[in-house]
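The following blocks contain the structures, represented as structure tokens.
Each of the next two complexes has subunit A plus one more chain, namely subunit B in the first and subunit C in the second.
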Partner chain A sequence: MKRPLNSMQFPLYVLLLLLMGSVIIPLTTEKFNMKAKTVILGTLVLSWGMMLSTFINVLREGPYLYNIGNWGPKIGIQFNIDIFSTSMSLFILSLSILVIIYSLKDIEHEIYFKQISVYYSLVLLLILGMVGITVTNDLFNTYVFMEILAITSCAIISIKRKKENYMASFRYLILNTLGSLSFLFGVALLYMVTGYLNMSEIYIRINQVWELYPTNLLLALGLMLTGLGIKAAVFPLHVWLPDAHSTAPTPSSALLSGLVVKVYIFTAMKLLFRVIGLEIIDTINIPSFITYFAVVGMIMGSVFAIGQRDIKRLLAYSSVAQIGYIFLGVGLATELGLSAGLFHVVSHGFMKSLLFLSAGAIIYKTGKRDIRTFKGIGYQMPLTMILFTVGALGMIGIPGLNGFMSKWYLGFAVLEKGQPIYLIVILLSSFLNAIYYLPIIISAFLTEGEERNIMVLEDIPKTMSIPMVLIASFCIITGFFPQIVMDVVSRAIPTFL
Partner chain B sequence: MEIVQAIIDRINYIGAAILFVIGLYTVLTHPNLIKKVIGINIMETAVFLLMVSVGYVAGGNAPILGLTKEQTSELYVNPLPTAMILTGIVVAVSITAYSLSLIVKIYEAYGTIEVDEIMELRSEKAVE
Partner chain C sequence: MNIVKPSRKEGTKKTFDYFSINCVLIFLVAAVSTLLFVASTLTGSDGNVIGSGSIQTTIGYILKLKPLPLFIIMFPLIGGPLEALIGRKSENLRDSTVVDTTFITFIAILAMYPQVSRGTMNYFIPGVFGHGLSFRVDMLSFIMAATSGVLWLMVTIYAHDYMGIEEHRNRFYLWMSVTYGGVLGTVLAGDMLTMFLFFEIMTFSSYMLVAHNQSKESILAGNNYLYMGIAGGLSLLLGIMLLYAYTGTLNFVPLASQLAELGWRKYLITGLFVLGFGVKAGMLPLHIWLPKAHPVAPTPASALLSGILIKVGAYGMLRVAVSFFVPAANEIVSFGDSLWVVSERLGAIIIWTGVITMAIGVFMALQQSNMKKMLAYHSISQMGYIIMGIGVASYLGYNGAMGFSGSIYHIVNHALFKALLFMVVGLVYLRTKELDMYKLGGMWKKMPFTAFVCVIAILGITGMPGFNGFASKSILHHAIIEAYEYGHPSFKYAEFIFTLVSAGTVCSFIKLFKYVFCGACPEKYKNIDGEKGMMDLAMGGLALMIIAIGQAPNYLLNQFIIPATEGLTFDPAFINEYLVSMDFFNAKDVLGMLWIYLIGIGIFILGTKFDLFHLHLPRWFNIETAFYKPMARGVIMFSNNITKHYEIAIIKSDIIIYTCVLTGIIFLLMKFV
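Moving on, here comes the complex of A and B:
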């Protein structure tokens, strides 16, 4: 197939542009002024545009493999540019742009002013890592992007100079490194058997020889899945997540919770279905193990969240439960299950970042973090609380919001697989979600605060409210028209199975 | 005797596995933060050892073309794992540097680098 050479290289340009942006920002400006903001947003919007054009190109003309520097798959790095990687990169970039527009104002009171430009440099590197890990088709390259992600995601937590941040970030770093090293160990074991690092080549080789080397394959799969499980906060390995996500500055929490955890799920999906293949993992029964962990996580994450008083900590524990939903979809290993999982990746990304951003707006305006002090706050900050309510109702699964649609699809996937017990777990988890989200909404709107409840339109900055409104409207639109996301996702899934 | 021979043949892999487990044990159980970082480094070394051993070819030359005058031996050690380990070492150094700088900050904040003491300090603060 003939393609124009330039547009073929857009994915690489996106990565290089983000890398350049992250170097340029701290160099050009001492202070965080208009120039720095232009560079940040310009970089992101430009890369978003290039990713969009790649996405449209792939939709029209089909996927292609891109060899960096034209080295072959034996020694070079390869990008797999298909509907899955481009649509998910587009999702990552869109959500990051919205969060970063919000952060321009919010970050000023979260971290020391001289470090703001460094912060954005780190955020751009983080986005580089996420896009890279999504598009790459090479296992060692995945490891390198993972480590970029590990360092930057810890650094955007520890940049806030608080005691708790240092400890949370250190623990996150250590566990993250454990995860990456287990992954690399697994990569070495796979390389030992196949002699390739390219995912598609390993898939061909491993399906020929796997019966000869069961130890290598089992060890590699175990180590790599455990490593990815630590990073994606699957239930018993989630210990780092609540501290890290709740102490971080608000924009970082939104990015970490909405996006960073998800890219490890993409990697796990690629590993299971593209590198190893459905035939082998079905033989050694891995998908059902994944669903067990997922189901326990769905319940336990919500149970832990009920006990929390700090709003951001509550949201962090809620993430653990929601990751369970996604892994349940992945573990079903059917077309419906995987598309429900991917749909929930997108909808949870939008809902959770909306929740974190509105919680951040409350902290920005009133300084309150404890949900017991939220009485009557819906009258002080009606817009923010309405947006929070949209996110929270989406999490519970009220019809008309995208959270409901992902539960709907997941329910169908579970029934198709013939395991209605999981449907009960999904419903139970939704009830548990309601137990901890509804009291916040009720106390915000229906109880008397310390002052008289006078409805005033709050004056949070426009740059903070507009991104939140955009995210919320996306939640509502995909709630009514889930086909927008589902069409793309269901076209991306057949490349896995 | 066969078992001994089998162990000797695979000594690199066994060594890598043992080092990995030692490192993991240190990271998970040791309360001292710097020793945790050392544990991470031991684990990294283990993975690098495994990776380099994978690329080793018995009797192979260094993969530099035209190094030896006579072109009799066509055997070369696989250069790819070595190149990857160079990347891995760079990553390991940056992780170590970052975690050590975090430890400095933790020491400034808490006055200790033992996890159990830090936890005590934090729980005392929570009680107050």
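Moving on, here comes the complex of A and C:
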């Protein structure tokens, strides 16, 4: 193999670096100053660079399995470094960097100042969990990262020290623990019959198991899917999401909605296609179950969003609907479907974090959360509202934005599967999106507020506006040139099927 | 009651500033270049009429430029934000820039002619959307683009003075330019995806024009427009995706033989396309946004909406009807081929929709007192003519060239006279701040020129021989007669309704002219100002075009419309026999028009005598209150109720949901054991 040994270790270094960063930040500084900011951003940029080089390496040389400490797959932890895991890690890191640059200014005014360094420590751990869960090839290791994610997410929600945050994070914690435990139970059942925790090893033995111990396998599958369903907020299990995402500090909401729920979708995909395998899940009809849940979620998420008055809660319910799109793609279990789902993971990540960040900027500047008070806000904060409009139009699916391309790909995936009825549901859901996003934009730009509408120059800080502009331009660029993302995604998919 | 807002212009008495000089110059140059263009199309000299040496090579280079369509579309799209920026410094400079950019775009559109006349112009940008952006300019696209070019130029000249009474002018010009880009993109697009992109841009940007006023009604009308536009767009998208999934092509090529294998799905696709474009075209029963949106929009925007935007819907329908659902020219031998069946069924439905649209439109127009609303209903009615023409083109298939030419011709003509009528009403409104025609009167003394151009426009829309409406209406009349001669005899009734609607149009415009321009001038309008120079210039330009087309109806037909049929599946023998060198001013058609005028006057006399113009229609008659409003309210109420009653309950029963889902899934899975 031509690869230099050191570059093979980069994924592990990324994780270790993030872990180190999260320990160093609260130790070095008590106050949140320039030094701490440098450490945070330095850690992230360095990890991003390493992940990028790994990604390029994988593109050139092909995927490889990396055993930590050279322990064998029977007992050791294995990372699966392929196009899928590296590209998605790269996506996670890129979006996290942008959100964190935004948060440097915003967080000061959301949480108690002594806890800012603790907050970043938690965020770095959260990113560690996400990257870890994406690259790992080990079921128990997945569980460990899931627990890290659950605890850190809970912490970055409750850090705001308000009553509703405590309530929301408590509910989050309880339900996520249930989810993790279900998952763990499933892992144990699988381990019981296969003797392996390594995904690839289980996959080799799964056909035998299916013939000998179908009950074990089915129970495991049911438990694990329900557990992941809770964590990924699939419709009837989404109950923790609206409270958690809407009460959390804005950067946390953006990370949670844009990224954290997505990594559970990755896990679900790995579980379905890399552990169990397409033949078995097709015989027990799992894909069609998933699509039913997805379709109901697409409609019901939007229906609940229409009734909301709080901007962040509305965005949270919109996430429930969008997760439905992704699961629809996954549930089709075809190459087109999975790539459309992954494409939507990326585009929804960018759009939703853009929306959360711009909503956060509005709250930062004016303190308004109720969408009925947004009259004329487009004149007070033109840039922010324009960026919000970009995100919202993307969600509706206007051509020229990445949301449209998601629908386009997903639509063809659905048609290829011979299910035009789902296409109608997709478009109906787009229309429902329009019903709740457009009034916000209209009242922001076309109605008079209390003061006269005079266009003022934007005065949110540069560190908040620049990341948003970058995210928005990414949305527009991938809206016109989807193949930037699609080429990578469609090369990642064949490893699943 | 009518408080005249202090406007930017009335403070200063200076009326002839550099904007006006610029406008007059541009107008003259545009007129000269149009004349040169006409001359070159007649002689076929490829525009090498003027210049020599380096100028000629430059012109020659431009005329051969391949990416010209892209340039034409990008120019307004980039120009718009630029204009808004300039507007922060100086309003006059901005308005001059607007006129100049529109003019350059117009010239660029004309410059496409040599390439288009030699054959279809193709330009492809790979990579965008994964499929590439494709532009394809044939004569049909060229006619649409040139019409919008003329209209936009006139409207921008007109808008400068009118927009004085509106606020947020920078925003208006920005979105007007973007809309222009959207319209041009839609008509120049070479495949359905590109068309859809620009169609959506057009929907959203024109929404900003409709809701520009920001008053309560305009927001409501705008919402109506926007949501219907989005619904139409989604239905279009669904159609496009189905078509692409089943046939594998997005280009405008004949697909009848492939569609024939699709069974009921082909009718679904057809219906979705008709629905999607029908919303924009104001087709019944999808028209409800139109009579709301047109009156509340600023007049330049109404002129554009009525003039071009709704035509883009008709264009889309026409494009789809004559390209997708017809067989290729080499697949068929005659009119009666079985591959025509989709096209024929589609056509029959479209004809009747068009006929109903025109009848209801004109009936509702007669009931209006608001001038802009009346014009809006007339737009619906006239769209009915166009849709009927499309229907005939589709219904008669191989012999449908008459319907095709009629609808295209009427698209051009209606753009001219309806925009002019809106401009006239706009000027009256600018001076009096009154839109109710019964409260006006005697305006011809104050605005003689406006009254004069109004007469021209009225003669145009009612179809007086010698004015442009006559030409297209005669062709459409021939088309519907052919529909029952070649097709089903029931279209005889359609022809009868056609005649009646024409008479109703006559009546309606007699009413408009009488109440606004004739009679005694009310006391409070005794001291208003009269004409406004640049607005008159714009109106005069359109009036000139109306007369010019009316005097030489064969020019447009022979030079543009008949070449437009070439790429499509129409019988060349039929075209040669009936359309080339068509005699418009024959005794039968002219006398027919005389009858229509007499019936129209008769209706007017009867109507005023028995007070038929103020009917209170029952509530169920209004499709909006009967259908759309309950539906919209239903969706919102449903969501709000669900949220109110179940949101908290669902969140609180988290564990129960988890348990139910888990047991449910395991139970379902266990049946595989």
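Assume the second predicted complex is superposed on the first by the 496 of 497 C-alpha atoms of A that agree within 3 Å, B and C clash if a C-alpha of one lies under 4 Å from a C-alpha of the other, contacts with A are read in each partner's own complex, and residues count from 1 in each chain.
The rule we apply is simple: a contact is a pair of C-beta atoms (placed from the backbone, for glycine too) under 8 Å apart; a residue touches a chain by one contact, two chains touch by 3 or more.
Just so we're clear, the structure is a prediction, and the values are computed from it rather than from any experiment.
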Touched partner set for A:108, first subunit B, second subunit C, both or neither: neither
Which superposed partner A:214 touches (first subunit B, second subunit C, both, neither): second
Contacts of A:178 with subunit B and subunit C, given as first, second, both or neither: both
Subunit B versus subunit C, judged by how many residues of subunit A each one touches: C
First, second, both or neither for A:427, with subunit B first and subunit C second: second
Subunit B versus subunit C as contact partner of A:370, first or second or both or neither: neither
Footprint overlap on subunit A, where subunit B in one structure and subunit C in the other make contact: 174, 178
Contact footprint of subunit A on subunit C as seen in their complex: 127-130, 193, 196-197, 200-201, 204, 211, 214, 219, 222-223, 226-227, 230-231, 234-235, 237-238, 241-242, 244-245, 635-636, 638-640, 642-644, 647, 650-651, 653-655, 657-658, 660-662, 665-666, 668-670, 672-673
Partner subunit C, residues of subunit A touching it in the complex: 171, 174-175, 178, 182, 214-215, 218-219, 221-223, 225-226, 229-230, 236-237, 239-240, 242-243, 283-285, 289, 303-304, 306-308, 393, 396, 398-400, 405, 407-408, 411-412, 415-416, 420, 423-424, 427, 430-432, 434-435, 438, 442, 446-448, 480-483, 486
Residues of subunit B defined as touching subunit A within the complex: 20, 24, 27, 33, 36-37, 40, 43-44, 46-47, 50-51, 54, 80-81, 84, 87-88, 91, 94-95, 98-99, 102-103, 105-106, 109-110, 118, 122
Subunit B contact footprint on subunit A (complex, rising order): 75, 140, 143-144, 147, 150-151, 154-155, 158, 163, 166-167, 169-170, 173-174, 177-178, 181, 184-185, 188-189, 191-192, 197
